[in-house]
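Next up: the structures, one after another.
Presented sequentially are two complexes of chain A, the first with chain B as partner and the second with chain C.
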Partner chain A sequence: MANHNPWPDEGNTGHIWDEDLRELDNPPPLWWMLSFYAGFIMIIFYTLYYPVIPLTDKTGEFTKGMAGWTAIEEYNEDFKVLKDWRVAKFADKEEQLAAMSVADILKDDELRQYAVATSKVLFGDYCAACHGAGGAGNPNFPVLADDDWLWGGQVAQIEASIKNGRIGNMPARGMMGNLSDEEIDNVTDYVIALSEGKGSDPQFAAGKAVYAKGMCLACHGPAGKPLAPAGAANLTDQVWRFSSDRDAIRNVIANGVNVKKNGEYIEGTRQAIMPAFKERLPNADVNVKRLAVYIHQLGGGQ
Partner chain B sequence: MSEKQSETASKSGTDHSVLGGVETSNKNLENIGVELLPVHTGGTVHAKRIPGTFRKIKWILASFWLILFVGPYLRWDGHQAILWDLANRQFHFFGLTILPQDIWILAMILLFFALLLAASTAVAGRLWCGYFCFHTVWTDVFTWLEEKFEGQPNKRQKLDQAPMSLEKLKVKIPKHLIWLLIGFATSFSFVAYFTDAIDLWARLFAFEWGSVETTIVVVLGLSTYFFAGFLREQTCIGFCPYARIQGAMIDTQTVVPTYDQDRGEPRGRMRRVKPGEEAPDLGDCIDCNLCVAVCPTGVDIRLGQQFGCITCGLCIDACDSVMDKIKKPRGLIRYASLQEFTGKKLPAIWKRPRVIVYSAIMTFAAGAILYGLATMSPIDVKALHERSPLFVQMSNGSIQNKWTLKVVNKGAEVMQAKITIGSEFQNMEYDVSPAVLSVQPGTVGSATLLVRIPRRDLTEANTPIDIMVEDVNNPQIKTTYNSVFIGPKPR
Partner chain C sequence: MDTTAKPQYDNGVVKYLTVGAIVFLVLGTFLGTFAASQLAWPALNFDIAEITFARLRVMHTNTVIFAFGGMTLMATAFYTVQRTNGVKLWSNSMAWWTAILFTIGLLATVVTISLGMTTGKEYHEQEWPLAIAIAVVWTMYTFNFVMTIASRNKETHSHVYVSNWFFLGMMIAITYLYVVNGLAIPVSLFRSYSLFAGVQDAMIQWWWGHNAVGFFLTAGFLAIMYYFVPKQAQRPIYSYRLSVIHFWALMFGYVWLGAHHLQYTALPDWTGSLGAVISLAMIIPSWGGALNGMLTLSGAWDRLRTDYILRFLIISLAFYAMSTFEGPVMAAKTVNALSHYTDWTVGHVHSGALGWVAMVSIGALYHMVMKLWNTEMYSMQLINFHFWLATIGTVFYIVAMWVSGIMQGLMWRAYDEYGTLAYTFAESVAAMHPYYAMRAFGGLLFFTGAAVMLYNVVMTIRMANARASKPVEATA
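Presenting the complex of A and B:
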C-alpha cells in the first residue's frame, strides 16, 4: 500500500496497491444504502422476534423469541389442517367401509378404488414383511398375487384369514404318523407326479397306495385336490406352498407343519402361522376390510 | 513455458490479437487499451424525447404488449381462449387443450425463444432490451406520461428539486395515480390468465378475492409501478441478468448503435470563422450532446459501445436529426459492427457460425413444436407394469403379468375406453377391470389389466405385447401401447 497518493482528486479512499490499483469511494444511490441499513435493522428485529439463539433455557426448552413461534409447531398445525381435511373429506367413504360387507365393497367401483388406494401404506407396514411388496411372496411365505389360496380366495375368506389368522396343520409321517422312510419317498414322488398330471402312471402306484394308507386324502382330497379350502394345499397345481424342491417336499411329509411334541416344535417341522390381525391393526374393523379388498385385486382373487 | 515458446507465442500474439502492438507488461488498464466508462449514477435520468425512425419502430413493437391486456377477454367455444387452469392442470389455447403430458411442447417453445434471443443478439445486439423488453416498454410509457404531466426534462428536473408544495403535488399526484392504475391493469391482466377474467372482475366488485389473488395483484402491481416509475435504467444497469448475458453474446460482427469516430472527431461547435482566422479542422460531430440527452440510460455513445447501452437506437434518431439540420449525411451514429470499422467486410448473415448453430437449434425446436401439435392425440395411454412381483406363477401353470393402465382423455367428451391385447400367443388370456373404462374429459382413468400366458409357450424371458385402447363412442380415437410381457427364464 502506498502512502503517497498520486490521484488526490478522484475521490479514492487512499488504499492503493500495486502502484495503481486503488479503491474508489463511489457510493450507490441514497435509497439503496437506506435499504441496506434497513436490512441490518431487520436482523435485530429477527433476532428478537424469531427463535434465532440456539440455546436452551432453564426448563430445557429452546429459546423461542418474542413471537413464540417455532417451525415444528407451524408444521404440526399445518399438518393437522391437512389431516382434518382428509378425515372430513373421506368421512362418508370410511363410514361406508365400516358399514358394508367386503363383498359389497368389491361390487362398488368407487369404494373399491378408494379401499385399494388407501391400503398401499397399510399393506407395506403390516403385510409386506412376510408376503413381500405387492404380495410377491417370500421364501416359505405365500404369494398373494397368484390364484392359489389355501384358505379360499373369495374376498370374505381373505377377510377372515386376515382377521382371525390361520395356523397351518399337517401331521408328520401321515395321519397316523406311521409311514416308513421308503413309503415317504414313494409318496413324495407321487405328489410331484400329481402336479405334473402323471398321477395315474403305473410307476407311481406304490406312492398312490401310501397316499391312501397315510390318509393324505382326508385333507388333500382323493385326487390331490382339496374338496374345500381348509388350509390343505392343492397338490395338482403348479404352486407349491413351501418349495418345489424334492427334498423340501419330502421334508414336509416327514416332519409335517406346526407339529408339536410336549409343547415344543419337533425338529424339521415347518412353522406356518398367520397371526390374527384384528388385534394388531389399528382401527381393525375397517382396515381388515380394506386390506382384504386390496389383496383380492393383487392378481388372483376369486 | 520455455523461453522459446513464450517468444513465439507473444510474436503470434502481436500479429493476430486485437491487442496487437499494445504494451501489456504494465497492468494499468489504460495501458492495455481498456477504458472505464462512466455509469450514470446521478439520480433519475430524464431523457429528451424526439421523433424519428427508431422512435416509430419502438412504438410499433411496444404495441405488441397491448395483447397482454386484451388476451384474457378473448372467448373460444364458451370458455376463456387463453387460460392456465392450474387447479385442473390444463392449459387452454383457443381450440387446444394442453395437459401436463404434453408439457414438453412448452419446453420446446421456451427453447425456441431462448435461441431466438441468442440469434437476434448475435446479429444486432440487445434488440430485446432496446425494443421489446417489458421493462423497457413500460418505462417508456411511464416516462411518456411523465412528460405529458410534467413537461420537458429540464422542467422535470426543476420540479424534482423544488420543495414540496401544493403546486407540485397537483402535478405529481395525478401522474402517480395513472402509474398505479397501469400497474394494477398489468397485474390484473396477468392474474386473469390463470382464472376466468370476467369472473375475476365480478369477484373484485363483490370483495370476494382470496388472499392469493389479492397478494399477487397487489405485489405485482406495486412492483410494476416501482420498477417502471422509479428504478428505470437502474434495473438495466444494476441487476437485470439479461443485460449481462446479452452483453456477453455480442461480438465484433454484431451490429449495434455505434458512433463513427473517424468521421465525427475532432468534435467541436461550428463557429463563424472570423476573417484572418484559419478554419479549425473539425469532424462532423458538433458536440451538441443531443445523443446523450435522449438516451434513456444516460449513456454517452460517443465513448463507444458500453454496457449501459440497451441499443434502443434513440441516439441514432437524435444524431440524424442534427445531421439533417447541418446538411451533412446521416449516420454519424448508426447500426454498425466493430469489424466494419476495422475495414473488413461483414460476412453474409447465413455464413456466420453462431447464426447457423442458433438457427439450426431453432429449426429443431420449431419442428418439434409443429410435430407435437400435429400429432397431439385426444387419447393418451400409459401402461405401468407391476414391478413387485414382475410375474406370478399361476396354479394352472400360466404366468401372469399385471399392468395399471392410465388413460388420459384430452378430448371434450366422455370417453368409453375399451382395452384389448394383441400378441402372438394363441393361449393367452386376459382380464381388464373395469371392462369398459369411462373417462371424463380432461381427466385420467385407470384400469387393471391381467394377462396370462402358459409357461410352456414362453420362449423368451421378455416378449413384446401390444395394449390397444379404443374409444367405443368414437372408434377412430385409439392408440396402442407397446409393452413387454415378463416371464421366468425359459428352462
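Presenting the complex of A and C:
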C-alpha cells in the first residue's frame, strides 16, 4: 500500500496492494442487501414452522415446528395413499392369492393375470440378477423360460423351489467316488454323445460302461434322462446346467456339485445353491405364489 | 510508489506447485473420464481389482480435489500472500517441504486406495498414518501462511487484503474438520475404525464432507478469485463492503450445511431441517462473491473478447452462481426426496467442480505461468481452444446428469395401476446408458482441454528458459 493514491477519483478505499490491487467503496447492490436480510427472516419463519430447535419435550420427543411435520409421518402418509389404493382396488384379489393354492390360482384366469401383472418388478429385483431378465438365464444359472426343469415345472414344484430353495448334489468321480481319470474322460465323451443323440455309437461303448459303473444312472436315468425331477440334469438334450464346454463337463464329473469335505467345499466342485426365498421376500406368503405363477407362464410351465 | 525496485519473491516453490497442479489436473480428469467410461461400458473394469470403478472413482476424487485442488491452493496462496503483503515467504524451505510432502502424501493416498486400503469415509479415505501426515503438512502450510502475513510491514500494509481472509478461513476450517472427522482407533498400520458410530458418524462425516466443498473448494477458490480477477481485469474490486459481509456470512453459515446430505435418514428431523434452512440462506451470501467478481468487470467487459484467461475466470463465476443456487434447492427436503442418491447429485458436484473450481484455477494458473516465467504464453489460441473444450465438456456433463438424475428419481418412485413399482432397478440402470456415454464424452472433452493446457504450459516454460539462457536478454 503506497502513501499516495494513483486512482484518486475512482472511489477506492485508499488501500492499494501489489501495485494495483484495490477495492471500491461501493455499497452492495440494494437487491442483494434486501435478499440477504430476507434470507435471515426466512430462517426465523422456517425455524418456527419446521423442527429446527434441538430441545426435547416431556415425552423425550424433539421439538416439532408449528407444522408438526416429521419425516416418518410424511413417509407414512405417502405410503398410506398407496396402501389405500391397493386395498380399495385389489384387496379381494390379494386375499384370494393368500387363501388359494397355486394350482387353483392358475386355473382362475383373472387371478392368474393379476398375479402375473403384479410380479414384474418383484421378479426383476429378486430373481433376474441370476436368472436373467424374463428368465432367459445367465452363464451358470438356469433358464426359467424353457421346458427343462431340474426340480419339476409344475406350478406347485416351482413354488416349492422358490419357497425353500434347492441344493443340488452330485458326487465327485461317480457314486462311489472311484472313477479313474481315464474313465472320467470316457464318460465325458459319452455324456456329450448322449446330448447329440449318438449315445449308442460303438465308439462310446467304453464311456457307456463307465456310466453304469459310476452308477450315474441312479439319478440321471438309464438312458440319460432322469425318471423323476429330483435335481439331476437331463443329459439327452442340449441344455447344460453349467456349460457345454468339454472341460467344464469333465470338471463337473470329476469334482461334482456342492461336494463338501469336513464342512468345506472341495477344490473345483461346482457351487450351486438356490436360496430359500420365504426368508428373503417381503410378504412372502403371497409373493412366493405370485412369483410361482409368473415363472410358470414364462414359457416352460408344465 | 516510493519503492524503486520490485520486491523479490520466493517463486521457485510456486513454480513447482503450479506445474504440479496442472499435471494432477491432467491425471485427475483422465481418471475421471476412465471411471465415467466404466459406468457406460463395464467391460473397461477388465476384472482388475486395482482399477475397478469402486477404487478408480475414489482415486479420481482424491486426485482432482486434493492433489489438483490442494496444489492449486498452495501455489496461489504462496503466490498471493507474498504479493499482497509485500514480503517474501516467512520460510521458503518450509514451503518447499510442504509442497514436496503434500505431493508424496497425495500420491501415497491414490496408491493405497488402489490397493484397497480405505477408511470408507468419503473424501477422507486415506488410512490413519497418511491422514496424520497430511494433517501435519496442512498445518505447516497454514502456519507458514499466517507467519508470512504477520511478518508484513504494518506501516505500508496496514490492511490485510481480502484474498488472505478467505485463505485463512479455509485453512482453519479445513484443519479442524479434517482432524475431527479423522479421529479413529487404529488396529493395524493400514486399518482403523472411526471414533464415532452410527448416525453420529454419518453426521461427522458430512460435516467434513460438505465443507470439503464449502471451505476447501469454495472459500479457498474465492480467495483465488479475489486476487486473480482484479489482477487479470486490471480493475478494482467492485465493493469492499460486499466482500466483508459475504465473507462472514459464508464463514458462519457453511459449517451448518452438512446435515442436508442426510435427509430422510436416521438423522433427527431437527438436524436435517437446520441443514436445509441454512443451505437456503446461503444462496445470497454465495452470490455475493460471484457478484463482486462480475461487477469488478464493469467497464471492462470488452476485454472478454480478447483476454482468454479472463474468460475462464468469469465463466467460473457464472457456474459458481448457478451451482450455489442449485445446491440449496437440492438441500430442501421436497427436492431432496427426488434428487438424493441419483446422478443429479453427481452433476451438481461437477457443475461446481468443473465449472467453478477448475475454471477459476485454470485462469489463475495461466496468469501465474506468465508472471512467474515473465513471458507471454506459447499460444493464446490454444488457451481459447482449451476454454471451449472445458466449457462444452462441462455443459455436456451436467446436462447428461440432470436428465439422467431426474429420470432415475422418477423411475424409482413410479407406480403402476396395481400400486406396485413400475420399473425394476435394473431397468433404471439400463435407461441411464446413453447419458453415461454422454457424460463420459463431456469428461473426455474436459480432459483433452487439460492436456492441451499442459502442452501449452510446457512449451511456454521451454520458450522462456531458452530465452533466459541467452546471455544478452538475461535480465531477471
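Definition applied: the second predicted complex is superposed on the first by the 220 of 302 C-alpha atoms of A that agree within 3 Å, B and C clash if a C-alpha of one lies under 4 Å from a C-alpha of the other, contacts with A are read in each partner's own complex, and residues count from 1 in each chain.
Operating definition for what follows: a contact is a pair of C-beta atoms (placed from the backbone, for glycine too) under 8 Å apart; a residue touches a chain by one contact, two chains touch by 3 or more.
Computed from a predicted model, the values in this text were never measured in an experiment.
Novice: Let me test your reading of the model: by the given contact rule, A:Ala133 touches which partner, first (chain B), second (chain C), both or neither?
Specialist: both
Novice: With both complexes superposed on chain A, which partner does A:Trp151 reach: first (chain B), second (chain C), both or neither?
Specialist: A:Trp151: touches no partner chain.
Novice: Touch check for A:Asn26: first (chain B), second (chain C), both, or neither?
Specialist: both
Novice: Between chain C and chain B, which one touches more residues of chain A when both complexes sit on the common chain A?
Specialist: C
Novice: Regarding the shared-chain residue A:Asp237, is it in contact with chain B (first), chain C (second), both, or neither?
Specialist: Only chain B is touched by A:Asp237; chain C is not.
Novice: Touching A:Phe141 in the superposition: chain B (first), chain C (second), both, neither?
Specialist: Touch partners of A:Phe141: none, neither chain B nor chain C.
Novice: Touching A:Asp18 in the superposition: chain B (first), chain C (second), both, neither?
Specialist: both
Novice: Check the residue A:Gly65 against both partner chains and state whether it touches chain B (first), chain C (second), both, or neither.
Specialist: second
Novice: Who does A:Tyr265 touch here: chain B (first), chain C (second), both, or neither?
Specialist: Neither: A:Tyr265 stays clear of chain B and chain C.
Novice: Touching chain B and also chain C: which chain A residues?
Specialist: Residues 18, 20-21, 26, 28-29, 133, which sit in both footprints.
Novice: Can you list the chain B residues touching chain A in their complex?
Specialist: 27-28, 41, 43, 234, 386-389, 392-397, 400, 402, 433-434, 448, 450, 455
Novice: Taking the complex as given, what residues does chain A use to touch chain C?
Specialist: 1-3, 7, 10, 12-13, 15, 17-29, 32, 35-36, 38-40, 42-43, 46-47, 50-54, 62-65, 69-71, 75, 82-83, 85-86, 89-90, 114, 117-118, 120-125, 128-129, 133
Novice: Quick one: in the complex, what on chain A touches chain B?
Specialist: The touching residues are 18, 20-21, 26, 28-29, 109, 132-137, 143, 145-148, 234, 237-239, 297-300.
Novice: In their shared complex, at which residues does chain C touch chain A?
Specialist: Contact set of chain C toward chain A: 1-2, 83-86, 156-159, 161-162, 227, 230-231, 234, 236-243, 245, 249, 263-264, 268-274, 276-278, 280-285, 287-288, 291, 295, 333, 415, 418-427.
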